[in-house]
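Each of the next two complexes has chain A plus one more chain, namely chain B in the first and chain C in the second.
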Partner chain A sequence: MIEFIEGNDAVVRGAIDAGCRFFAGYPITPASSILVSMMRELPKVGGVAVQGEDEIASIGMCIGAAMTGYKAMTATSGPGISLYSENVGLAIMGETPLVIVNVQRQGPATGSATKGADGDIEFMRWVTSGGLPMIILAPENVQDCYTLTVAAFNFAERYRAPVFLASQKEVAMIREVFDYDRARAEAPPAFARPVAAVDCVYEPHACSAPDQVPLMSPIGGPHLVRYTTSTHDQRAYLTGDPEIIGAMVEHYQRKIEAHAEEMGLYDEELEPGAETLILAYGVSARSARAAVKKARAAGRRVSLLVLKTIFPVQEKAILRALEGVSRVIVPEMNLGQYVEEIRCLAAGREIIPINRMNTTLVTPSEILERGGLL
Partner chain B sequence: MATRLAPKELVTRGDRLSGGHRLCAGCGASIVVRNVLKGAKDHPLVVGCATGCLEVSTTIYPYTAWKDAYIHTAFENAAATISGAEAAFQSLKKQGKVSKDCKFVAFGGDGGTYDIGIQSLSGALERGHDFVYVCYDNGAYMNTGFQRSGATPLGAWTTTTPNGKVDLGKRQNRKNLTAICAAHNIPYVAQASVHNFRDLIAKAETAFETEGPAVLVVLSPCPRGWRSDPSQSVEMARQMVQSCYWPLYEIIDGRYVINYDPKAKKIPVLDWMKAQGRFGHLFKAGGEDILQRLQENVDREWQRLQALAQLGAVETPAGA
Partner chain C sequence: MSPEPLEDLREEEQAPEACPSYVLPEMLPYGFCPGCGHIKIAGYLDEALRRLNLPKNRVVLVTDIGCIGIIDKYYDMNAFHGLHGRVITYASGIKLADPDLTVIAIMGDGGAGIGGAHLLSVARRNLGITLIVANNFNYGMTGGQHSCTTPLEAVTATTSKGNLEVPLDLLETLRPSKPSFLARTSVFGEGQVDLLVEAIQTPGFALVDIWDFCIAYVGGRMALNKRAIENMMEELEMPAGVLYRGTRPEYARAWRDLYLTDTPAAPAPPKGLQVVGKSELDHKVGILMAGGAGQKIRSAATLVGAAAIMSGLNATQKDDYPITVRTGHSVSEVIISPHEINYTGIDDPDIVLLLAREGLTQVARKLKKCSPTARIYVDESLAPAVDSPGQIIALPLNATAKEVGKLAIGPVAFGAALARENLFPVEVFEMAARALQKRAVAEGNIAGLRAGLTLGKA
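Presenting the complex of A and B:
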């Protein structure tokens, strides 16, 4: 069925189809419509949606519910992510699957309520203390909001980790044509959470190798499950032993980084002989696509790489796109954040960041002009 | 209670919140602010304002409606930021680096006070800063599009307490913020309403004169969220007080004083609920139970309050 819906609606559809049955959130524009829709839709499928008394309570409830057996999601914007910070660390430490939708608006603080921005990209990457890897997906349109929400749940459950959906106001609150049947057909199947066998001796963080993911068992279920915010051993017993702590950190790092390619979601339109690569994500990718179309029509050879998975960094895909290219254009609605990730991989090439932080979109003509593609 | 300011003085004093702000027609927030600031008399002020309708609507670029020093804080920390300002000011004053007098006041809506801001409010009250906290209470998150708050009454519709086949608006009772603040044993807590200017100004005067923390919880109609006629806001507030849903009272050093007792003129809550679309679904079949519970809650709370006031009267010598 063809519908005309906004990105936030598509997030709600994706979450429910991915098996989300718990939502907690707190009002904040431009994420409030996810809260309101989840409160309307989740009870229909036997789920629970709660409005917390603040963001700290909302993400806290999600962690509790996720550990008790539900797939859980919360949604907010920049100021709310600030308050989520400590609990994101808790979710990492306790290996809690959780989807966090950040409908970005221009910050800092209340910022420009409510105008779009991509100012939280590196904020989400380094959202909490410790600096461990994060998984972050960025939708560029309404269909992506659906597909990437499903993917976010799958990654959260598969790797037992919090996953960010880096939406933003322009994607979340603009209505677009949405083909639900097509979206469902193209989205990955929902990943069912594997749980430990009832008769096993259960250890919450036991895994066969550092990059493997331990099985879950619902708290309050068949096993005595322990959960701690502190450094711990595989039984979740608190420890100060450097060797055990080192192994714990290695596990948290490896379970994400060793599987980076499995999480690789991107569109590549590489053109043989292209000297210029436009690398984009989120809403700016739409301007990038338009710019590429125009440049090619004018006879220019241009490659395009649109990243949907922005973290973990898709090094192989980016290096492939960089082959033979002498110039890289990176448009972003911030002061230049993700371009720093590209700089690490694009040694010797001219890098043209196109940055905009005045709440307006980067335009295709600006990409063409600044990128010397006219 | 009535203001000690003469009527002429009240009229000529002028407003410290100017006209031209963008609050909706029939909104109670600006009435609350103007009357509270009248109570500050000629004292210089530092105003803290939590994120919310009041904040966004009074500071639309390139204007501001505030004539006093003004700090916009995050949603959750108006009380914390104003208490930091007050502590620094007291320190500077003690060192002789400032000589002028200054009062500190923070405004927050019910979302920013009952819910996300209660921790910073509680901390500031317990630490005992010399400031006035004012909650303009319209019973939901109106700024973000009518989500429920801890102040939303039982049975009220909001976008996150919808009414349908299963639920008839909010399932839970509202918190009693005035009682929560009183439990901090601070020198002054009062409940007021936008319909009674003299009472509100008098309470603000007392609050500003009080040494230490003072809290005013003020009923503030919201025609958009209440689904009510903007021209009836003040009348509705009057009826809500007359029904004892929102009693006007003070807690002065722990002593309860009821400022208005409707006695035989007490009206049922139904009288004003009918005029508010947020309760419309309760007047169809199935809503009777919630309506009855609401009335029972109001009656029980009113009795409790009367008992507390009685207690105060016994402890305090006549005429005090």
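Presenting the complex of A and C:
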């Protein structure tokens, strides 16, 4: 079945199909339609949706509900992400599964409320104090808005962590063909939250190895559950012991980094003998695809890697794409953010960042011209 | 004031001799300063819980940051220790998720100040949590700085010459919102447990403001004791006791009663678009529809896109309009193509529909640079203002729309274009209107399209 819907609508559909039953948010363009749709749709499936008094309250309610057994989501844009910052850290610390949709708009500050940008890519990566790993997925079209929302829930639940969906106005508020049957076929099956056995001695952060994920047990359920914002031991009691704190941090790092490849979502169109690689994500990947088509039609050899999982950085996939390549083009609607991640991996190659931060899309012809592909 | 300011509390033992059931004996003694009023509050809460005899797993203690925030670790029950000032938000999420849980939140006066917005909101919602404010008139944990409840003239780490900020009356601030229960007491004297029991049993939002004693900083400096607190209450006109009992429904339940009326079901399948026609289009076409607020540009653009899809094409639609939606421009960009649409910008439009001056202003720069092959369908009145190398096709669009209905201006203009451009079958547009819009609206748009077709053919 095909429909003509917006990216934000597809996010809502993906969330509900992934099992999201709690939403709290605060209105902000271009994310407001997610709030409004969730408030309309969630009650139909027995879920709860509220408008918080601000972004801090909204994400706080989501964290509370997530620890009480709900799959939860919130959505905002750059200004709201600033207000989420501290609570994203709490979600990491408390190992709270949570999906955070950032429908980016041109910043900084209030910026251009109705215009797109990818200015928050590294902001999301380093959104909170402490610098622990983050999971961030970037949709390039309406179809992705569905499948990546489902994936975001699965990763959030699987790794007990907050996950960002790095959407933006140009993906969220564009209407295009959405094939629901195909989306459901392509999306991973919804991951059911594993919970601790009723008769176990429950410890909220106990895991068999640093990269393993502890089981949850809902507040109000069979076990007594503790949760804390402070450095803690496996029982969630505050500790100042450097060894225990070190182990805690190692766990938070390893449970994401050791599973980076399992979270690897990307599209590779590698061409043997290509000297140029275009590496893109989000809406700029669409310009990259258009550029690749034109370049190939003109007999050029060019490889394309479209990253849907932008964090954790898909090192293996990127290195594979870089093999034999002497030039890497990275288009982004910002001043050049993700290109810095690529620089770390692409030593010895010419790197061509193509950046725009005037609310308009990077054009395919710009990629062809600046990338020497004409 | 008493020459022995600390006597009321100094004689208190740190660890209660017999361990009550909700406090974990192995965690004692309490980590608070000897003589700190928080110790008393820990005892009141335990006593209240014992009286209520609630199952431990069905109670959750949500604590703020601050000295008072460490209190949860002494209890054998669910505990959620969150960020500074945000305790109400987590408690709200927990209560909304599980309305039958007993949710008790504790914060300091510091938390009440930084989290003021949450305090106002939770009282207005009347969400069923019990909030205890351990109000010791300063930030104990960070070294005795002044808080929102520090009395006037009080000397603290940050008011070295005396406090100039009027202390906040938490209860009177919330009273106009009519939450379920508002009470004040102190760590001196009696009756605290009764108040806590009533607060916890109250279905809606309940606040107990407990005037507390920080031995390390302001409490010691102000020589607080029973009499001093009583004097302060009188002077500030903030008496002890129950200030207010309300009867408004509890929010978590009320929300469910109001919104979760139907039994949960699998989401209803959405209405899809069927491919019913065939387009002969063999290339991508970018259509700019530029008008003003109130001209239903966006919905006309959606019809064009949907009709293209129903004709087997791909389509994208992007809209641009000021956030003040009832005024200014409204510009939609529609791309239709037999191929996959990657780049969604329209840098050089193929077809332009110009319907209002605001829209023209918005797209003027693009029109100036567009190819000579661009077809610009424009209302007669606007035509002289168009500065473009494209082909300008001036038609009485507005006058025609007036005849069929002003809101159909978009379909009128698109009809004029469709008469000359081989995009997709006319009937499919009509079917798209009927599939997506309410009947009266659809018929109006179809009439508009037909009038436009006649205009375009002439």
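In this section, the second predicted complex is superposed on the first by the 374 of 374 C-alpha atoms of A that agree within 3 Å, B and C clash if a C-alpha of one lies under 4 Å from a C-alpha of the other, contacts with A are read in each partner's own complex, and residues count from 1 in each chain.
Going forward, a contact is a pair of C-beta atoms (placed from the backbone, for glycine too) under 8 Å apart; a residue touches a chain by one contact, two chains touch by 3 or more.
Here the structure is a predicted model, which means the values were calculated and not measured.
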Partner chain(s) touched by A:73 [first = chain B, second = chain C, both, neither]: neither
Touching partner for A:36 - first (chain B), second (chain C), both, neither: first
Touching partner for A:2 - first (chain B), second (chain C), both, neither: second
Contacts of A:65 with chain B and chain C, given as first, second, both or neither: second
First (chain B), second (chain C), both or neither touched by A:90: second
Partner chain(s) touched by A:22 [first = chain B, second = chain C, both, neither]: second
First, second, both or neither for A:227, with chain B first and chain C second: second
Which superposed partner A:113 touches (first chain B, second chain C, both, neither): both
Comparing the two partners chain B and chain C, which touches a greater set of residues in chain A: C
First, second, both or neither for A:54, with chain B first and chain C second: both
Common interface residues of chain A - those touching chain B in one complex and chain C in the other: 29, 43, 53-54, 113
Of chain B, residues touching chain A in the complex: 51, 56, 72, 74-76, 111, 114-116, 118, 141, 144-145, 147-148, 150, 159-160, 162, 166
Residues of chain A touching chain B in the complex: 26-29, 32, 35-36, 39-40, 43, 51, 53-55, 79, 83, 109-110, 113
Complex interface listing, chain A residues touching chain C: 1-4, 13, 16-17, 22, 24, 29, 41, 43-46, 48, 50, 52-54, 56-57, 59-70, 72, 86-87, 90, 113-114, 170, 173-177, 180, 218-230, 236-238, 283, 286-287, 289-290, 293, 360-361, 363-364
Residues of chain C defined as touching chain A within the complex: 56-58, 60, 62, 65, 70, 72-73, 76-83, 86, 88-98, 100-101, 117-118, 120-121, 255-256, 259-273, 275, 302, 305-306, 309, 314-323, 341-345, 347
